[in-house]
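Quick heads-up: structures coming right below.
You will see two complexes here that share chain A, one where it goes with chain B and one where it goes with chain C.
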Partner chain A sequence: MANVEVESLTRVFETRSRRVLALDNVNLEVEKGEVFGLLGPNGAGKTTLIRILTTLLLPTSGRAVVGGFDVVKEAKKVRGIIGFSSSSERVGFDFVTARRNLWFFSQLYGVPKSEADRRIEELASLLEFQDQLDRKLYMLTTGYKQRLNLARALINDPTVVFFDEPTNGMDVFSAKKVRELFVREARVNSRTVFLATHNMFEAEEICDRVAIIDRGRILAVDTPENLKLTLDKPVVMLETDVAGASVGDPRTLDGVVGGTVKLDSESETANIRVILRDEDYLDKVVTLLERRGVKVLGYQRLEPTLEDVFISKVGAGFAERERSLEV
Partner chain B sequence: MRSSVALWLRVAFSRAMIRVLATYGDPLWIVVNVGGPLLTSIALAFLYKFAGIPQFTGFAILGGGIAAYWGNVLWSMAAQLNWDKRSGMLYLYISSPAPLTALLVGMSLGGILGTLPSSLTVLIIGTLLFNPPFSPPTLALALIFMLTLLALYGMGIALSSLYLILGREAEEVNEALYEPVSFLSGIYFPSIGRASPLPLAIQAVASLIPLTIGMDALRRAVFFSEGVGELWPSLLTLAVMAQASIILGLKALNYVERRGRVTGDILVALR
Partner chain C sequence: MKKLIASISLGLERELGWTFPPLVVLLGTIPATASVLIVVMIYWVGSSAAGAVDPSWIAFLVVGASLYTHFSSYIWAPISAVSEGKASYTYPLVFIAHSSLTYVTGRVIASFIESSFSAILALGLSTVAIKALLGVEPTLSFTPLSIALFALGMLVGLLAALGLGLMLAAYAIFVTRLEWGLPVYISGILMIFSEAIFPTSALPPPLHAIAESLPFTHIIRAARAALIGPPALYSAEIATASLLSATWFLAGVLVYAYSEGLGRRRGYIDLRVT
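Presenting the complex of A and B:
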C-alpha cells in the first residue's frame, strides 16, 4: 500500500524578475514500511518536494497524497500523521531540558502525557541519550542535539516521517546510529521513511529504493542495485597533475559520457571521474588531457556508484551541478 | 470537536509552560527584564522627587512595572514568530496539527506569567524606596490591569503576523517602536488628560495605543482611587481595542499562513 503518492507534481517559484521551476512533473509512489531516498545535489528540488508533502507549500499543479490524505485539501489530517526533521532547524528551546522540549513537541500532536512520557523514554533509549534527558538544551553537544531532533520527529508515532539531510554535519558514529534507526523504524514499526539526501553512501546503504532528482525532475527510481546495473558503461578514475593546466569540462573530451572533477588546489592534483562510452576511449581521453597540459599519473576502473548513475543521466556530478546553480 | 478543543488546550498550555520555563531558566534574561525598567523607574522617581513633584514618583514606579510587559510584548510576542521562522521552528509548528492561535495564546499567557515576577520586583523595590501613595487594590484596578494586558498582547499577536511578512526588518521595526510608543503611551508620565504636557494632536495619536489608555486608567485607579463608575469609558475602549487587535491578529495570521503556502518564503527562511 502506498503511503506517499505524487502525481504530475509541479512547483514554480515566481518573483518579479525570475521564474524558477523547482519541481517538474514529479511522479512517485512510496510504500508503507519502505525507506525511500530522494537523492540529488543541493538545489535539485528535494526540499521543495518535502515541503509540499509536509503541507508547508502548495503545489502549482499536480497532486500529492500522504497516508491517504490530500496535502492540499486535507492538510490538517496529513499534519497529524507525519513527522519531520531536518539538520537545518533549531532543535527546541535552549533553556528548557531535552525532556521538556520533547514533551512540548508531543503536545503539538495532542499526545496524552503518559503516552508522551513513555515515548520520550523509548526514543531516548533507542538513540542513546537517556542520560541527557534532564539537561538543558544549550548544554547538549551537537551530536546529542541532532539525536534529540530525530526523536522529536518520531514523538507522535507518525505513519510517514520525512528527513531532510538528517545526517548533515553529524559525526560518523551518530550518523551510523541514525541510519540504523531509520531502517528499524521502517521494518519494526512499518513507518514510511522518506529521506532527502545528497549523501550517496547513505542512500546506497539504507534505502530500499532511491529516486534520483535533478533540477526538479526525477531521472530514475529503483533499488540502488538496479540503478547501478543500468549503468553498463565503464567508470574510470584518472589521477592527474594539473599544475598550470585546466581540466575543463570532462564532457568535452571525446568518448566521455560525463564526469566530475575533484580538485586539490594545495597539491595541484585532480581526480577526474569519467564515464566512458566504452573501454576503447580510455587511451584517447588520456591523450586529450595531456594535450591540455594535464599529466595523467594513473587510472583505475571503478565499480559504479549512485553518483555515476547521476553523471550518466546529466553529464556532470553533484558538485558541478551545484556550482552551475550558483552562477 | 472535543478532540480539537483538547488539542487547542494542550498546545496553549504547553506553549505557556515552555515560555515560563524558558524565562526562569535564563537568569540573564531576568536581570535584563528587571534591571532595565527598575533603573529607569528609580532614575525618574528621583528626578520627580527632587523636582518638587513627589506625587509623580508613583507614576514612575507603576510605569516600571508595566514597561516589563511592554518589552515582553515586543520582543517575546511580536518578534517571536519571525525568530521561529528563521530558526525553522515555525516549520515544525505549521507541519504539526497544532493551531497557531493556540500557540500564540499560550505564548501570551506564558509571557504574562513569566513577566509577573519582573513587574512585581520593580513595584516592590520602587515602593520600598519611595513609598508612593498607592490606593488599595479595587475591582476597577484588576479589570484595567487585565484588559490592558489583553490589549497589549493582542497587539503582540497582530504584530507577530505583520513581522512574519517583514522578515529581518522586524527587529528594526521593534527598535523603532519601543521608545516612541513608550513615550507616547506615557509609561512614566501622564501623556493624555489634563496633566499631560503634550499638545492635543499628539495626545490624540497617543490615544490610539492601548498602552496609553491602560496606563492612564491604571494611574487614575491607583493614585486617585477612581472606580468603575469613572473609568468605564477606558474599560470599554480597552475591551474594544483588545478584541479588535486579537481578531485582526488571528485573521492576519491565517492570511499569512495561506499566503505563505503559495509563495513559499513567508513561513520558512529560504536558504
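Presenting the complex of A and C:
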C-alpha cells in the first residue's frame, strides 16, 4: 500500500524578474515500511518536494497524497500523521531543556502525558542522549542537537517521516547510528521513511528504492542495485598529470557520455572519472586528452555508483551541477 | 486547550528561562516605573513653574503610563514568536503540527502574565516613588474592587493586544529579516492615540476619531475610572473596550489565517529569517 503518492506534481516560483521551475511533473509512489531516498545535487528540487509533502508549501499543479490524505485539501490530517526533520534547522527553543522541547512538541500533537514521557525516554535512549535531556538547548553540542532534532521528528509516532539531509555535518559514527535508526523505524515500526539526500553512500546503504532527481525532474526510480545495473556502459578512472594544461569538460571528449574532474592544484594532477559509450573509446579518450597536454598516468575500470547513473543521465556530476545552478 | 497550555508554559520558560525567573519580573518593573516617573516628572516641572500642581493629573498619568508600558511590553510577543521562530525553524515545525495560531496565542498570554506582574509592581512602586520624591500623593484608590476592575481592564487589553499582535505576526510571516523595529513604531502610535498621557480630546477631530476606535483608549479610561473615578464611567468604557477588543481579535485571527494560507502558497512559512 502506497503511503506517499505523487502525481504530475509541479511547482513554479515566480518573482518579478524570473520564473523557476522547481518541480516538473513529478510522479512517485512510496510504500509503507519503505526507506525511500530522493537523491540529487543541491538545488535539484528535493527540499521543494519535501516542503509540499509536509504541507509547508502548496504545489502549483498536480496532486500529492500522504497516508491517504491529500496535502492540499486535507492538510490538517496529513500534519497529524507525519514527522519532519531538516538538517538546516536549529532544533528548538534555546532557554528550554531538551526534555521540555520534546514535551512541547508532543503536546502540540496531543500525545497523552504518560505516553509522551515514555517516548521521550525511549527516543533519547535510542539516540543515546539520555544524559543530556535535562540540559538547556543552548548548552548542547551540535551532535546532540541533531539527535534531539531526529527525536522530535518521531515524537508523535508518525506514519510517514521526512528527513531532509539528516546526516549533513554529522561525524561518521553518529551518521551510522542515525542510518541504523532509519532502517529500524521502517522495519520494526513500519514507518515510511522518506529521505532527501545528496549522499550517495547513504542512499546506497539504507534505501530500499532511490529516485534520482535533477532540475525538478525525476530521472529514474528503482532499487540502488537495479539503477546501477541499468548503466551498461564502462566507468573508467583516469589518473592524469595536468601540468598547466586544461582538462575542460569531459563531455567534449568524443565517446564520453559524462564525467567528473577532481583536480589537485598543488600536485597538478587530476582524477578524471568518465562514463564511456563503450570500451573501444578508451584509447581515443586518452589520445584526445594528451592532445590537450594532459598526460594519462594510468587508468582503472570501476564499479558504477549511483552518481555514475546520475552522470549517465545528465552528463555531469553533483558538484558540476551545483556549480551550474549557482551561475 | 492542551496545546494552549503547552504554549503558555513554553512561553513562560522562554521568557523567564534565561535567568532567575523572579529577577525577570523585577527587571520588567524598571522600564514601567521609569516611564511613569518620566511623564510625571515632566508634568511636575511644568505645573510647578505655573504654580498649579494637581494630584489628580498625576494619578491620570500614573495609570495611563503604567498600562501603556504594559501593552508595549508584550505587544511584540507574536512578532517574536513568528520572526524568531522562523530563524530557529520552530515556527515551521509548529505550523506542521497544525498549531501556529494556538502557539502564537500562548506566547502572548505568557508574555502578558509576566508583564502583568511587572505592571502591577510598577504601579505601586511609582506611586511610592512619586510621594517620596515630589511630596505629592496621586489620588489613586486601591481597594479590592478597584484592583479587580483594573485587572479586568488588563484582561480585555489582552484580547485587543492579541488581535493587534496577530496582525503583526501576519506581517512577520512575509519578512526575511528579524523585524524588531515594528512593535516599537506601533507602540509610538499607541502612545499618541491611546490616551496614555493626554486626553484624546486634545487631538484634531479626524485623529480624535482614530483614538476613539482603539480599544486601548477605552481600556485606559476604564482603568482610570476604577482607580481614580468616577466609577460610573467604568461600565460604559469597559463595554466599549470589550466590543472593540473582540472585533480586533476577530480581525487579527482572520488576517493571520489568511496570511498563513498566502505564505504557504508563496513559500514563506519556512523561509529563513536572518
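To be clear about the criterion, the second predicted complex is superposed on the first by the 327 of 327 C-alpha atoms of A that agree within 3 Å, B and C clash if a C-alpha of one lies under 4 Å from a C-alpha of the other, contacts with A are read in each partner's own complex, and residues count from 1 in each chain.
Throughout what follows, a contact is a pair of C-beta atoms (placed from the backbone, for glycine too) under 8 Å apart; a residue touches a chain by one contact, two chains touch by 3 or more.
Here the structure is a predicted model, which means the values were calculated and not measured.
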{"item": "Combined model on chain A: chain C and chain B, fit or clash", "value": "clash"}
{"item": "Touched partner set for A:Leu57, first chain B, second chain C, both or neither", "value": "both"}
{"item": "Contacts of A:Arg321 with chain B and chain C, given as first, second, both or neither", "value": "neither"}
{"item": "Which superposed partner A:Val96 touches (first chain B, second chain C, both, neither)", "value": "both"}
{"item": "First, second, both or neither for A:Phe105, with chain B first and chain C second", "value": "both"}
{"item": "Touching partner for A:Lys136 - first (chain B), second (chain C), both, neither", "value": "both"}
{"item": "First (chain B), second (chain C), both or neither touched by A:Phe84", "value": "both"}
{"item": "Overlapping contact positions on chain A, where the chain C interface meets the chain B interface", "value": "13, 51, 54-58, 76, 79-80, 82, 84, 86, 88-90, 92-96, 100, 103-105, 107-110, 136, 152, 156"}
{"item": "Residue numbers on chain A that touch chain C, as the complex places them", "value": "13, 51, 54-58, 75-76, 79-80, 82, 84, 86, 88-96, 100, 103-105, 107-110, 136, 152, 156"}
{"item": "Complex interface listing, chain B residues touching chain A", "value": "3, 6-7, 10-11, 13-15, 17-18, 21-23, 25-26, 87-89, 91-98, 260-262, 264, 267-268, 271"}
{"item": "Touch list for chain A against partner chain B, complex", "value": "13, 48, 51, 54-58, 76, 79-80, 82, 84, 86, 88-90, 92-96, 100-101, 103-105, 107-110, 136, 152, 156"}
{"item": "Residue ranges of chain C touching chain A (in the complex, touch as defined)", "value": "2-3, 5-7, 9-10, 13-14, 17-18, 87-90, 92-99, 102-103, 264-265, 267, 269-270, 272"}
